[in-house]
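Look for subunit A in each of the two complexes below; its partner is subunit B in the first and subunit C in the second.
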Partner chain A sequence: MSAPAAARFVGTSVRRVEDDRILSGRGRYIDDIRLPRMLHGVFLRSSIPHGRLTGVDLDAARGLDGVVAIITAAELEGVAHPLSTRPDVPDVARPVFTVLASDRVRHVGDPIALILAETRHQAEDARDAIVVDYEPLETVASIEQAEDPARPSLFDDTDSNLLYTEATDYGDPDGAFAGARVVRASFAPARVAHVPMECRGGVADHHPGTGELVYYATTQSPHALKLGLSGVLSQPAEKLRVITPDVGGAFGQKAMLNREDIVVCAASKLAGRPVKWVEDRIENMTAATHARSETVEIAAAIDDDGAILALDVNLKIDVGAYPALPFPPSFLGPIVRTMVTGPYRIEHLRWANTVFQTNKASYGTYRGPWAIESLVREVLIDRIAYELGLDPVEVRRRNLVRMDEQPRKMATGPTLEGVMALETLERASELIDQDSFRREQADARAQGKLLGLGFATYIEPAPGPPDFMSSVGMQLPDERAVARLEIDGHLTVITAQAPHGQSHETTLAQVAASEFGVPLEHVRVVHGDTQQTPFSIIGTGGSRAATMASGAALHATRAVKDKVLEMAGNMLEISPGDLEIVDAVVMPKGDAERGIPLAQIAMAAYFMGVEGEDDGLRSTAIYHQPPGGWSGGTHACIVEVDPQTGVVEIKRYVVVEDCGELIHPAIVEGQIRGGIAQGIGIALLENALYDEEANFLAGTFMDYLVPTSMEIPTIEIEHLHSEPLAEVNYRGVGEGGTIAAPPVIVNAVADALGGASIGVVPMTPEYVLALVDEAGI
Partner chain B sequence: MSVQVSLTVNGVERSAAVEERRTLADFLREELGLTGTHLGCEHGICGSCTVIVDGVSARSCLMLAVQADGAEVTTIEGLLEGGELGVLQQACRDSHAFQCGYCTPGFLMTATELLSENPNPTESEVREAISGNLCRCTGYESIVQAILLAAERGA
Partner chain C sequence: MRLENSFNVPASPEQVWDLLNDVPRVVPNMPGARLDEVVDENTWKATMAVKLGPVALEFAADVRREASDGSARRTMLAVKAREVKGRGGATATIESTLEPDGDGTAVMIVTDLHMHGAVAQYGRAVVPDVAGQMVTQFAANLAASLGEGPGPAS
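Up next, the complex of A and B:
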């Protein structure tokens, strides 16, 4: 018996639909859009971290060639409403701020004005001719300074720089800690930047005649952006359309309602002409979002066998000067809280979280936003192993929830089901061959070489089980997709995703073509246009697409297929259940002779109409989150630490993971490798550094080190597959690499240094040399 | 101040009056409409804007259009062979080399230079050759494999 038609494309690394245009230089990114009458906008930004704006002298700039208008906070009054965190978010301080800085600047890069000119050069010349007078204010440059009541509050309407406090117990942490052995760790990762290779930008086209506003935007969340713009600009939703062209990476940074987006749209309204804004790299590094700006203290109550009885976690987050709307400052902590016990049998948790504002760029969700939980937990587990003289693998083995214990509720609420954490640990340990490594390590040590081995085990909600978001305290809608039979029998699938490198034009076509029984080239995936795509408040984010968008595309396609089979059944006088579609021909099963081409059925449907339908053959599906929903695995890596230079070299990197069935193996592995590359950057290189007075020191790629092909090793990947819990058995893998790489490298470096206590990333050569000294090597 | 420049771009002679301060990248993208060349940092590190000038790779964000007067310039659009993807481009497609596509033109031009100088590079030679190009999506392995595949196919 031949394989069912449905298996034809799924599971195969077919050619990516995106590649023909991308590889030939015919992608269309934001800066490639050029509209008639278009103006160029350039932002004037604060050069100081904190101060009163006492004067902005625009006279010289206004007189320069090509300058059409300069938009400041005054011009936006009545056009763009002031901003704040949504009123329905509980327990959070919500200072109100203007879209452009009006009387006060709060971080280097705070936008003050938008200069509109006929060319970008002219706009930049004018920006440089503006004279700004500031009266500097005392700065808040760190969490410690934000906690200091002597420092000024950033806003007149907040009493202090503390925005949010939460303390929650799960189980009985007091009981568990009473009399137990306690192991502690603390961590202060550096701020990092997302660094999509394409910076942010937008082209706003407000039509003075119709009142319609079209905004072409580098966004991963077009509907959320539309919703935000509509509210802030009082722009009726039916006259507002957000379109995403090709987007050159985002990693969470392009999920925001940027203040710049609002200004650019308002400027188009005010000027009556299209306005383009494309930020440069220094702006992106300085004024777009940063992440991982956190400190955490963690303690584990353990027994003498290394069983982890309870965790005590205190997380402090520095969200910068302004909330990265639409996300409230309280967004991140509850996800970290929910995830921190991970795939382990930890029954009690004491949780505390505080969130502070500082004179820095906004904190934005970044690939695996909650990753600090895996970092501190996995580093702590190695600390427990050293403390007890146990193998770190053995400590994990004793604490991981086994398959035969699942389904099982995490202490924090979500259900663990189908989680192969232990199996991935065993397999990674096998692949890395720990026994041989330990011999090699000892031999190397005898020659003065420092080798180290680390492990990290994690899970990611991708998209998580149905009880995940309620445990976090949020609600997420189901995912929608539309499938439409075209007049030639081809299929259009309209997704709510807004891909920017994830290859959904390929993967969703694979799912739909396999289901429908047509060649891959007969399916086109449409995305990123709020006038066509179904609503989603997320778009692409949270590793949801593999399950949710695939599920929605599958069901929408299936519904269209059912209608097609019904029509064909009538034409052939045969039960639809006895029909199949093979290579775009509807036929009685196995009887190609009697087949009718899909095109013929589609043509009939369009011309004759379909009973009960008003619009040819189309269907909208709403896909609900299935059980399971976890991806995860174990990473293992071997490093060599050079005791003379402090440089860490990754010698071997192994991933064993389970993300369900692979739609497209090469795309899955590209997500894993790309995520790990960002994690390696966090572990060893990247630091969005501010000085003690909140001056930003990492505005260029000479200051901010993005990993190159020389730092990222070959990454070995093996996939395990748990038993499917639902028909749609594809799960996301976007975030795991970035989550697991920092702890696995920290653990490997610590191992190379005989169990060094590491509490900082990036582990720069300077920092590593200090560790080498400390270890007495 | 404008200066008249004449150069050959992807085999076609072009001439235009350009502002002295106009970069080659802006000239290619805005005057010639060759938007395949991308700007990722405009300070010479990320390599997205790499083009070939007289056989040698150059950062078109750090080069003025007037400096290219009389030169032969190749951009990503010039890698097509008879309107189809060239050997290197096909190898990138077959190796699933890229994701978002933004850094892609720079890598393709850097690899074109590498393969013209060293038709059979080792993996470490490929890694070194592309170490001046940043990609934030892939972790580079797929790009390295694609260039090795292109070499195998005689790009």
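Up next, the complex of A and C:
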């Protein structure tokens, strides 16, 4: 007798379903798609940051071998409508722009034309033969310049470069600040790039005979992309299908309706042939999205014991030249606002947010999009500790909301429930052994070595409680999944997720197989085809899958199982409640002798049909957000700062976190480590740098440094588990690493330098050397 | 980006002034440069090949004389250049001033250079060094043109 099915898969690091395909080089990515008669498209992009397009001479390019067509803004007139932020988004400036630049370019990499040729290299040669004349305009290269009324507005239909303003008070910040001690911090992180391993791309296949358009896209959001393309191209939805093959990473960059997607689809319509576009690395670094392009000033009103009474936050965001549709420029600020008090007992907040356009690439959501709040708050808490002469752990301990105070509303609205922030802080502090570290630090210092210890505590709405999105001011739909019994008794689970590294083919199969009582390899998870998958405006994003997609898959599977047991009950003349499924056999509980193979029931269901049921007892489940919904934890790290070179080395890195029950421990820990790697990049290396005239200077990996295995330390992970608040007790874990790593490293470097005031990431060797000088070391 | 370079030529300021104002004669003295077309007496088209580190670039340039002040021995050229493979471009004003220096002439060149596109990205760090080397070679070639040396280096 085998163990109950439920115990067999969930919680076990089973071999990943994806591995055989992806690790053996058999993945199928955009560039692997080769359709008959397919053309290759290459974009001509602006080499200047801002200017009038005074002439685009295509003659030489048109005459080259293999060139079939060159699509410019003129060819797109009447085919692809101009773009703008949706009219229902309140209080935001919405400049209108063409899909390809028509009379003006607004950032280096702004697309001007798509060259279609029989081969990629012919298209590239033709691109290089195009002569573009620009009349340069004064540039807007920073938030300060965007605030300057003397600088030109990027668009004729906006009066200034200010796109959005928000100011809100929660509680009584004026009262709390009156007479209170105030500690301040400010932060200006560098712009960073998402750097997916696979850059953007797509293959559009418009059939002139049927009018059907199939777009193979590397996207996180197939349905949102379909919706966007349908509108912009006036393509009827029933004749538009988005298929997502394997996606080589996205980190938020592939959640957009890219202008390039629209052009590639329009080009296939115009040319009457399939068109492939595969972005190269320099194009991706230059013209895809960047993130973390923000400045923030924060002040805390505190009492003498280090209790934080109120925060005053002023956030400015540089969203680049064009909104990364479908996200409006006002998308990010409210999430930062909602999160900024974090897991702390902070009752009053004064909030201001302004959003600006500049001559830079668009701002795209990036793993932990709201992370600036955790960065600046956790750095501020350490500053409070230094000012009061307290241990930073003690300041956190005094302010974190304890489990016995929950559920408790954050000042900004969402309910904190099941949040183990304090427990993770205590455990991280124990693991790092602060007392012995302080002795080691003093000994090292006597030998001229600079060691530092930092902590950062955070929460992550993964997916957040039911009142989270309403606090942000948005609505998110419930999650759907479909389950269908196949004729051989196997199960197909169709998810609305669009995985791109999250291993949903494994984790959702674990959940479904455990529920259904079948071997793992009897479950197939289908995703990424708008003709098959349930609608979701998100797809994969926002750390929702662990709860929402698992919940939907569980309930869809359960619905099919109930129907199977009903059928079997009739066949065996036994109450369905007395039946179970073990190893793909339906049997009276504990009585394998009388079991019927699931395949036999499936065969009967298909051949005879069941009144009122679809093929395969197909069932759709809609899963609603359960209470709780927070992941989070505490990171702690020890660094050594070399006072001669300014190089920061991470000596030890500890994570204590709670994301509920682990479906697949290795996948969870992979998500944590991957997130931390990107956080280390943000803290120490990555800078999508523009010069003072908005020229882009970081288009290659010689200029844009990403962390390698040399910079990523061993990461020690420990999981805590709060009391389950719902049956589905799995929560997302994808973003926490990227959120917590920058502040924990900043705090550790500050500690190594005796409490240095740090307001910039990446902390390059030059910057660290300046801090060393300032600290008089 | 502002680049300042200077060199000495063993010839009188008058001789150097005459040469510097004869753009078709001057251009071949610049390493990698070739005169393609004389548009009018103040406008020329030229091609210039430059190696910036590992990257070989070729620019198609429109050169225009903006000012020429014989009494102050000061000329100003404006250059607008496009990298022929679409990797960006550059605009520059080049101000040259001559002063007597012993038996010869000191030539001061102040270049205000704006690069854009990929050129700006590759070039930023190495341009000052490359420009310095080019000016040194330019000076040697110029001296040779003035009959003091073995002839222009290529």
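As a convention for this text, the second predicted complex is superposed on the first by the 771 of 777 C-alpha atoms of A that agree within 3 Å, B and C clash if a C-alpha of one lies under 4 Å from a C-alpha of the other, contacts with A are read in each partner's own complex, and residues count from 1 in each chain.
One rule holds for everything that comes next: contacts are C-beta pairs under 8 Å (C-beta built on N, C-alpha and C of every residue); 3 or more make two chains touch, one makes a residue touch a chain.
Quick caveat, the model's predicted, so the values are computed rather than measured.
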Overlay on subunit A: subunit C relative to subunit B, clash or fit: fit
Comparing the two partners subunit B and subunit C, which touches a greater set of residues in subunit A: B
Inter-centroid angle subunit B-subunit A-subunit C after superposition on A [Cα, multiple of 10°]: 70
Touched partner set for A:Ala636, first subunit B, second subunit C, both or neither: neither
First, second, both or neither for A:Ile130, with subunit B first and subunit C second: second
Which of subunit B and subunit C A:Ile601 touches, first, second, both or neither: neither
Partner chain in contact with A:Ala698 - subunit B first, subunit C second, else both or neither: second
First (subunit B), second (subunit C), both or neither touched by A:Pro49: second
First, second, both or neither for A:Val379, with subunit B first and subunit C second: neither
Touched partner set for A:Val108, first subunit B, second subunit C, both or neither: second
Subunit B and subunit C, minimum CA distance [Å, superposed model]: 12
Contact residues common to both interfaces of subunit A (with subunit B and with subunit C): 700
Sites on subunit A touched by subunit B in the complex: 13, 15-16, 18-29, 31-32, 121, 195-199, 246-249, 251, 280-281, 500-503, 666-667, 670, 673-678, 700-702, 706, 708-710, 712, 714-715, 737
Subunit A-touching residues of subunit B, taken from the complex the two chains share: 19, 21, 29, 34-43, 45-46, 48, 75-77, 79-80, 85, 89, 92-96, 98-105, 108, 126-128, 130-144
Touching residues on subunit A, where the partner in the complex is subunit C: 44, 47-49, 108, 127-128, 130-132, 136, 282, 691, 693, 695-700, 703
Footprint of subunit A on subunit C - complex, ascending: 82, 84-89, 91, 114-121, 124
